[in-house]
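Same chain, two partners: chain A is paired with chain B first, then with chain C.
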Partner chain A sequence: MFNQSLPPEVLGPIKVIFFQECDELLSSLESGLEALKQGSADPEIVNMVFRAVHSIKGSAANFEYVRLARFSHSLEAVLSDLRAEKLGASAALLEDLLLASDVLAELVEEARGGKATDSGKTDEVLKILAGYIGRQAGEAGSQRSPQAEGKEGGDLRAWRIDFRPEASLYRSANDPLLLFRELSRLGELKLELDDGDIPGLAELEPDQAYLSWTGLLRSFQPEQAIWDVFEFVAGDCHLNITPSMTGGLKEPSQKAGHAGSDIAPSADARSNRVIRVDLDRVDKLFNLVEELLVQQTTFNHVAGKRLAPEVQPVYAEFRRLSKEIQEGLLAIRSQPLKPVFQRMARLVRQLEQATGKSVNFAATGGDAEVDRSVLERLAEPLTHLIRNAIDHGLENPEEREGLGKPASGTITLSAYQRFGRIVLEISDDGRGIDRERILSTAISRGLVGPDEHLSGQDVESLIFRPGFSTAPTVSEISGRGVGMDVVNKCVRALGGRISMNSQKGVGTTFLLSLPLTLALLEGIVVGAGGGRFIVPIASLRETLQLRAGDIRSIGDVKVIRYRDRYIPLVGLAAILGYPQMGGIQNSIGIVVEDDLGTRIAIAVEEVFEQQQIVVKEIQGAYQADHGVSAATVLGDGHVALILDINGIVERQKQSAECVRVYGKTSDERISL
Partner chain B sequence: MSAKTILAVDDSATMREMIFQSLSEIGYRVVLAVDGVDALDKLQSEAAPSVIITDINMPRMNGIALIDRLRREGPNRTTPILVLSTETDADWKAQAKQAGATGWITKPFNPERIADAIRKVSM
Partner chain C sequence: MSDQAPAGEFLVFRIQGQEFCLEIGAVREIRSATKAVPLPNAPVEFKGVINLRGTVLPIVDMASRLGLAVVSAPTNPVIIVAESGERLVGLEVDIVDDIISVRQAEIQSIPTIPTGGIQEFVCGIVNISNRLICLLAVDRLLPAEKAAAE
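What follows is the complex of A and B.
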């Protein structure tokens, strides 16, 4: 109904907030249900779970997300009974609630404009929920309506209400009966009428008020909700509302001093310390700080060495503060991994259902924080990996039992920080990867020659190659074309590396190493063809002074000897289509390694300093085929292009001449 | 049971439309009047409303005067009257109460609050 009364320009921003809130609420719903499933009996968790659904329902109704509102209403009704202990927290109930929370998440996505939900599934879950509401005694369930429940969310408390209307209450067409009806919407109401003041008929004034009532209300509502019932008659009656300690009701469970708030004290205190900021504002500020740092570097470049001695410490302090501002802003943009982990937990449950496999899913390290630019793009590779693990990695329960493994498979997802990067580990205890099969597939796909000799690790890395998929049939879950090459591509696009460790029959572990942010990059500045370029430190192995005698040729390919192997040497200028200044001889060789561990040497003319650079994305298609991933502005104001080492190596590997080199360098040395 | 009738009195066409739309949608029959005088006319010709919702500031006869008139005599002495107004000073509330208003709804327009208030004051 909100929709009709508010113009879209007003409504839009409110919806954005609504969906942000939904994400948070879904997270707490899920973690709460998980905690209950693990056996927690903390009533505050039940409350939290209830509140989450309640809030979603309330807002959804405002925005006319009918399906979402209807579903959350049913779910709320069940949770309300769980909270009132009308329903026991059985394992079956919690399973159903988790299922319902998945549907709720889908409905939120649908409302957000995402994929339409499967209404058959929604209806089915609604039916399950209705079953729970129907199970309880009495008819309270049938009287539920979204409005009747109002703003629930506190603990069950008992209140004594002393109410004596004055004549003016009746004159303004208010009616005690209606007030009692409102009160009974808040909970369970017992009333006692006191008619002792009614005079004899002779003295009775029809316009006067003689009756008074004492009520006992058991309610989850905050005290304010009770006062609100009497909002219109505040000046027209004597009214007293006090906590009741008697009446055979459950004692208020809260500690003294906590006056019936509907939020737990800790949550309350915490929410006061959190502000919601539009991301665009943070990004804008971040860009400004980037500019500041560029200017500062420029300043340093131009005047740093000419500063008067007494100014230098001031300048040093200025630099230090700029750096701290930058780091502080990065911290603001950082977010914990937890929501992504929770999404994966949801995914696992959905896959369990779809595959009939039983999975224990454990996630640790969800508190680790990464920049939101990284976080946003993490879900895709993780989803692929977990799907693959369940679909292909884990055996069927019968198969597992036959192998002496527990019927339920285990998948663990863990995260930790190492060397300024975030490392994610995804392990399963499934069948592991069959190297023989990988190799035979790779040969049949023409990815390797039939007589090539590859090390075990090289074989494993084949699964990351485009066009490789070992699944003999395309299952519904992994979907067509979702091979490990897609995962690899996602991870590489994040500036990360992926590796795999697998033991046949024991399980598989994937290791993802990702930068904490995409906004900053450590790199060295090199010069070639009159331009400046950045080689990311993560890809750099070594720099070598090249001498003419170091360079050999295999056919048209130039190679250099590096750690007992020969690796191709290519001129950077040539790669990028810049004019080559002088020969490749007497230049500097930068040995780089792509994410698969393939090394090449890139010849450049100059190597400058190593520095932290601020990554600026390049608009348009320029970067795609040019071995460049992004750009930056250097201290002297020049633009430098950041090299896409993975892309460069990939292209070299694919060029016909190099195949010969790589085909043999893996395990055999080339004899020249 | 036939639909409850709500008489909504407001001089703003937009407000009348919004009240009409949102209350019709949830099942009420809505009769509209443009001011106090019109409201008295409608009360003559239409079925007795379950609830009257009125604006305060209106030409010809304002909301306070309308309430005062209805409370003094006639079949609507006991009809719940909700005041819907943008007036921010506390004064109007007191005046409306003094005149016999049952309750109030403060603008900005929130259809849900109107529905809630109607529920609170009517059977």
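What follows is the complex of A and C.
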């Protein structure tokens, strides 16, 4: 109905809110079902789960997401029976409900414009759900539209409810919202608010009542049930309940684009200490504070030393406050890991089905918070790791029993903060990673020479190299040759590190350490070709003062000796295609290392201080693979480009001359 | 295309002797040009980035973007900070002339002439008191749009 009555510019934001709510509701649905599965018998949890699905259903119908509405309707029917204790909370039922919640999440994603869901799977789950409510509604019931609520006995009837609270209703601390919520539990409720009686501001009495509502309720409940809802406010309102002849839901709700046209999907049990803020607003504010900090640094640069002594403490206080505002905003942008963890739980359940392996999944530390920028990009590496753990790590149930392990495998995902970083641990109790096999694979792929001696850790780190995948065949689950190098790449792109610990037969643990935010970066400022650049500290190994004698040549390629090995030396200006100012002689060599451990030296003219910089996207989405990943604004107002060391090393590798040198250095590296 | 262009106020500027205009709503501010930090391996019309009060703003050299031969370098080039959707871009032009009010009828479609290039960015021609002013479409000027099209 929204679709017909509202223009897209109004509808758009409402949909955004709908999907935000869906995310929250799905999250509480899932955590509720998990709690029930763990054996909780709290009726409030069943209620919460029911309300979540009910709310999704209501809004989905409003937005005419037919598949979503239909599916949530079926799921709601089962939950309603569970709530009414017509169904017992058996383990099998909860498994099916979790499965259904996964499908529901997929349908929400589909409605949001994500990929289309597998309708075969949806139908299959619908059938399972229909099995639970078979006795009342049968299979057809699950296919019926959500408007046709068909189960609780009695006939479906439509009621018109005219409700006008008096001031005394509010004075006795009643809230119409709660009444409507109660009403919406009886059936399908459509409400229209009449605010026509609100006087002008001058006449408005804040403690008077001006609002009235007209509702249309379609319900199987007897009339008395509706009167009962208003039992406690009967004396404080005008109330009229009459059978509605039209029976059409659209009649009262068509005009109801404004105000509380449908109360059901509103903030159910959400705490009122939480406000919902559009992330764009927070980002805008964050950018403003960044500007403020840059201006402040500029001010300091220009006038800091000339400030009168009595002004200095005031200025210092300004700086401190700005910094605190920035930190506060970072905290606001921070979000708990929980949604990602729940996504992983869903993934585990899907993979259990696909592989026939049984998995106990335990996630801890979901309350730990990271910046949105990190959170958004965390799911990809975690998904790969969990897929790998289930597909390759865990043995089949029979195999496990043969080994004296429990038939169900265990995967744990835990998170904690340490030293201003977030650490994620993914462990399985599977077969572990066979070092012999890693080594033989690496040798057969030509990653290692057959005679080389590597330490256990070095062998383990081989799995992060590109072109390495221990899976003998490409499996449906772990994908098409996507290996740990992809995970490594994701993690590195986040400024993180990954390591692995594995014991054959016992299990494998992956350790990811990530920064809490991508908005800030530690780097050193260097100067070359008249410009300033940032070298991220994570990529920096050392800075060297270069003398003429240090630089040798192999053909056209300049090399320097660094820790007993020759590594290529390239001028930064040359890398970036700027005119070279002066020779490479007497410059400073910055030894950097890319994600794969390849080192090169970059010649720059000047090295300035190390500092924490604010990462700025280059507006206009300029293509990034040119050696620059983003930019920042320095204290003096100059723009400095942030070097993308991976991209730079990659480009150097691609030039034919360098290949020889690299072949040599990487061989040397491995042999040590 | 031009038939749909809403009439309203337009900012008129000159590039190498030719007049162009943008819908005033797309213009955030006008500032004198400062030296841009060039981005490596960037297309020639992309001059680099500047610091716009903390925002890193890409600067497009309009003469080069529109493929106009540079007859005389402007003495005091100006940057028009324009927005398209969420994105900001700095358009470097020779000089800003004035703001004109245009009625729908005064906007004509581009004549089909075999010039190539510049038509890509022009969504109409303003024909007002014997002036010929090309109405530019900001979204088509942005570097990403170009990158995507190539």
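A few notes on this one:
Simple rule for what comes next: the second predicted complex is superposed on the first by the 407 of 672 C-alpha atoms of A that agree within 3 Å, B and C clash if a C-alpha of one lies under 4 Å from a C-alpha of the other, contacts with A are read in each partner's own complex, and residues count from 1 in each chain.
By definition in this document, contacts are C-beta pairs under 8 Å (C-beta built on N, C-alpha and C of every residue); 3 or more make two chains touch, one makes a residue touch a chain.
None of these values were measured; they are calculated from a predicted model.
Once the two complexes are overlaid on the shared chain, A:Trp213 sits clear of chain B and of chain C alike. In the superposition on chain A, A:Glu182 makes contact with chain B only, while chain C stays out of contact range. In the superposed model, A:Asn287 lies in contact with chain C only, and not with chain B.
Of the two partner chains placed by superposition, only chain C is touched by A:Gly531; chain B is not.
In the superposition on chain A, no contact is made by A:Phe468 with either chain B or chain C. In the superposition on chain A, contact of A:Arg171 is made with chain B only, not with chain C. Contacts of A:Phe19 after superposition: neither chain B nor chain C is touched. Of the two partners chain B and chain C, more chain A residues are in touch with C.
Overlap of the chain B and chain C interfaces on chain A comprises no residues.
Residues of chain A touching chain B in their complex: 1-2, 4-5, 62, 147, 171-175, 178, 182, 229, 231-232, 235.
Across the complex, chain A is touched by residues 37-42, 46, 49-51, 53-58, 87-89, 142-144, 147 of chain C. Contact residues on chain A toward chain C in their complex (touch as defined above): 287, 290-291, 294-295, 531, 575-578, 616-623, 626-628, 630-633, 637-641. Only residues 18, 21-22, 25-26, 71, 77-81, 97, 100-104, 109-112, 115-116, 119-123 of chain B touch chain A when the two sit together in their complex.
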